[in-house]
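Dropping the structure in here first, questions after.
In order of appearance the chains are A, B, C and D, and numbering begins at 1 in each one.
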Amino acid sequence: IFGRYMPGNSLVHNLNPAMKILISFYFIVIVFFANNYLTYALLFFLCFISLYLSKIPFGFFLKGIRPLILLIIITVLLQLFFSAGGHIYFSFWIFKITSLGLISAAYIFMRFMLIITISTLLTLTTSPLAISYGIEKILSPLKKIHCPVDTIALMISIALRFVPTLTDEATSIMNAQRSRGVDFGNGNLIKRIKSLIPLLVPLFVSAFKHADELSVAMEARGYSPEMKRTKFKSYLIGMNDYISMMLFFVISLMIIFFRN
Amino acid sequence: KLQVRDVVYIGMLMALSFIISKFNINTQFISIRLAFIITVIIGYSYGPIWGASIAGISDILFTFINGQMYYPGFTVSAVLTGFLYGLFLYKNKEAKFSHIVVCQILIVVFVNTILNTLWLTLLYNIPWQTIITARIIKQLITMPIQIAIIFLILRSKNLKKLLFRM
Amino acid sequence: MHKEIIFKNVDYYYQHDTPYEYKALENVNLNIPIGSFTSIIGKTGSGKSTLVQMLNALIKPTNGSIEIDDFKINSKTTNKNLKPLRKKVGLIFQFPEKQLFADSVREDIAFGPLNFGMDESKIDSVVEESLKLVQLPLSIMNKSPFEISGGQMRRVAIAGVLAMKPEILVLDEPTVGLDPKGQKFIMNLIHKLHVEQNMTIILISHQMDIVASYSENVVIMHNGKVVAFDTAQNIFSNESLLNKYDLTLPSSIKFYNQLIANQLPLNESVPMHVNQLGDQIIKMFS
Amino acid sequence: MLNNIIEVKNINFKYNDSETKTINNISFNIKAGEWVSIIGHNGSGKSTLIKLLDGLVQLDSGTISINGDEINEKNLNKIRKNIGLVFQNPDNQFVGATVEDDIAFGLENYQFSRDEMIKIIDNVLDLVDMKKYRKHEPSKLSGGQKQRIALAGVLALNPKILILDESTSMIDPQGRNNILNVIDEFSRKSNMTVISITHDVEEIKLSNRVLLLSNGELVEDTSPEKLFENVKDLEEYALELPFSAQLSKYLIKHKLQLPNRYMNEGELIECIKKLYLKM
């Protein structure tokens, strides 16, 4: 499975992808403005509402953030030990746990959880295809300065279309080389880099062969990069999009107001 | 100016960057990310503007698809890296060693060391002094490996035939 | 020492323990005799490729085990010490030319043997021998594997596996995408290896004419299960069995059945290829 | 009298990096509604020939007219709309990330409106019996299914000519039959011309006419029956004799009194039966 999209039919799933990406961006930026418990609480409130509305099972969501747990722990520990100041609770060799350290560890933990929650939620509720559509829409004002947005959109969709194909191919090339005695992921640095050559060379060769033939097929189907094309895919911007946008905007104003 | 083939090639290279990032080499001390090879290839074949745009878009797209934590600062770094590779390597047939070295040093100093450290200090809320030494040491180890790989790609006749079809 | 490759209660789940889990093999029990030519048939997605990849421990059974000689593969098998097994069982994948990577044909063929620790000094003779087996001129050795024709690429890839001197050769659709002449060449090569070197052959194929003409045993797979395993003669005599699993009859048997339907007295066993059918017809006239 | 939908006159073509001509002075006409097989060994120029027909590579000399229009740089778009091309590897012609997106790709290029697209996609998915796969991704389809989508994608534009470039050689027998049936039916209904590059005798048997290429030259322009009967070294042209021909060859070699001409399976059975009853 490519990406971690979880198909569904919730309000969050059905938001316009461009809008969803913009809102996520906006959210990540306002996270950095939060600096006291109230402002963090507001942001968590927003996250929980979104999560609830997405109808994603909480367990599944937790599984989704599992790969990031190590990162969170390390960060929290870093904070705990390195931002000194205030009352000292515990001290061992160069490590000290201080009141200030505890507070900043708590803040950083919350900041991480927020960014991760919103990124994960976006991933779980938006298919790769919808993400590419969203990026295309966000870039579309650039058409005015003659930026080839449609062409870029096609590049992205070709990329997404071939990720599963190339993944399968990479697996089968690896298997073929394994049965010829290659040990992937073993040995020292040089040995590891070397063991990638029998994987990467065939992978590139195959990818470019796909590319050569696909470009002929696309030309045969009447495509040319400069032409005008109509669009099959379309996502409407509905009432829900406006409401969510407003909600995020209002909360961000509150954060500006309540921060220290 | 772009042919149909170029559109498909860039799309395919983006897909490749996603795939090969799964084969990053992680040892106890350092990790080598392979996707920079793709940025080099795009920069060499299509120049700084395409290099920068595709690097930025790939960063956003794949971070979201993978469900990693998104942070806009790293998109800025990716864009700059793509731009620099394009600026120095675009249609650089001779691929002079000095060009590659200067290019990689600029990337290491401005992007990897200054910018990325800045993003990390902002993101993790830690003073830069605590991580800068470790980061510099890591850069000093990976830089020669990256230079060697770029040099190999741009200078090996066989690899060039396979990787650059335009 | 076993005289058989033994699959014992083998299950395999893709993405085990995830929401995407899906069962690719279910309770497979199969004993393939060493030294035989066994074909595996079944629709796309029936689990054929999954099954044969287990012979090299590329994937390991979720439950159950596989025994090949002294090797036992089960869910606990680690990736260490697999080299002797992988040397013994040569795998030729679909479109094997996709595995070519080296600067020269020679280097590519030598890759496997070198990985398995063959002496540098013996490499040249092994490469030459393999090229002769696949009937390519030695002059091709120093060419890049990407500069030769598609048919030649496939032969070089096969030579690369043969150079490892496997005792068991597993082939997944080795003739797909080749023209009839190329197909015949590959099948004759496999047949020759089987007859002359007594190599155990396990072949996956969709082409019933090929399966019928060459194999001794046939396995039918359907939805991850082995639903039939018998001699080729018995399998292909059982038309309703083949129909049940959406498999076609070989041309020779189709024609034979039509002759029988026309009340011609061909009372022998079903013919496995055109010459056998021809012989039966001639016998009918004598 | 049927019109010539394709007229090829004295065409020549050579690739830049090659020393010999890939296409050497070929001329032929194809009538609307014909099903023509093109055969020949690898490197005989078959694939180049069809790329020339679609204007995907440019002629060195000679002319090609499609539906009355001589191919030049300006009318490529019109020419290509008349011609649907299905290639060998189903993976290398799938542009869209889902089935419906892929079929839409060609329609978007010819600027159909969204409403038209929805209708057309519905129709062609019905035609190739893939309606329930509409939202599926290509990686979840079998080779045969992908090839059916490729076919749907070109039929969506209602082409006058369908060209198959070894389109069935990489898929399993059921998939192959399935596709050939769809094409057969569609071409009869809409008088679509079919040109197919193939190594497969079953496919050749479907055609009215066979063009045999060798080293860039057109060496035979004949019917399937005559081909199986007259051409001695079919294997040299990357073909295998049909089963009935193989069998009668073997029987004749073993002194059975069969007529020395090509017979299809039915004819051969009749012949053997007669012979047996006479005995």
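Note that contacts are C-beta pairs under 8 Å (C-beta built on N, C-alpha and C of every residue); 3 or more make two chains touch, one makes a residue touch a chain.
As the structure is a prediction and not an experimental result, all values here were calculated from the model.
Looking at subunit A and subunit B, the chains that touch each of them are C.
Here the CA centre of subunit B is 45 Å from the CA centre of subunit D.
Computed from the mean C-alpha positions, the centre of subunit C lies at a distance of 30 Å from the centre of subunit D. Multi-chain contact residues of subunit C (touching two or more other chains): 146.
With touch defined as above, residues shared between interfaces to two or more other chains in subunit A number as follows: 2, 128, 132, 157-158, 160-161, 201, 205, 210, 214, 218-219, 223. The residues of subunit B that reach two or more other chains are 162, listed in rising order. Chain pairs that touch one another: A-B, A-C, A-D, B-C, C-D. By the touch rule above, subunit C contacts subunit A in their complex via residues 15, 19-20, 53, 56, 58, 79, 83, 86-87, 89-91, 93-94, 96, 98-102, 111-112, 114-116, 146, 160-161, 164. Looking at the complex, you find that subunit D touches subunit A at residues 51, 54, 56, 77, 80-81, 83, 85, 87, 89, 91-98, 100-101, 104-114, 117, 137-139, 153-154, 157. Partner subunit C is touched in their complex by these residues of subunit D: 41-43, 88, 142-144, 169-170, 172-174, 199, 235, 238-240, 243-244, 246-247, 250-251, 254, 256, 265, 269, 272-273, 275-276, 279. Of all residues in subunit A, those touching subunit C in their complex are 1, 60, 169, 172-173, 175-183, 197-198, 201-202, 205-206. On subunit B, the positions that touch subunit C within their shared complex are 158, 161-162.
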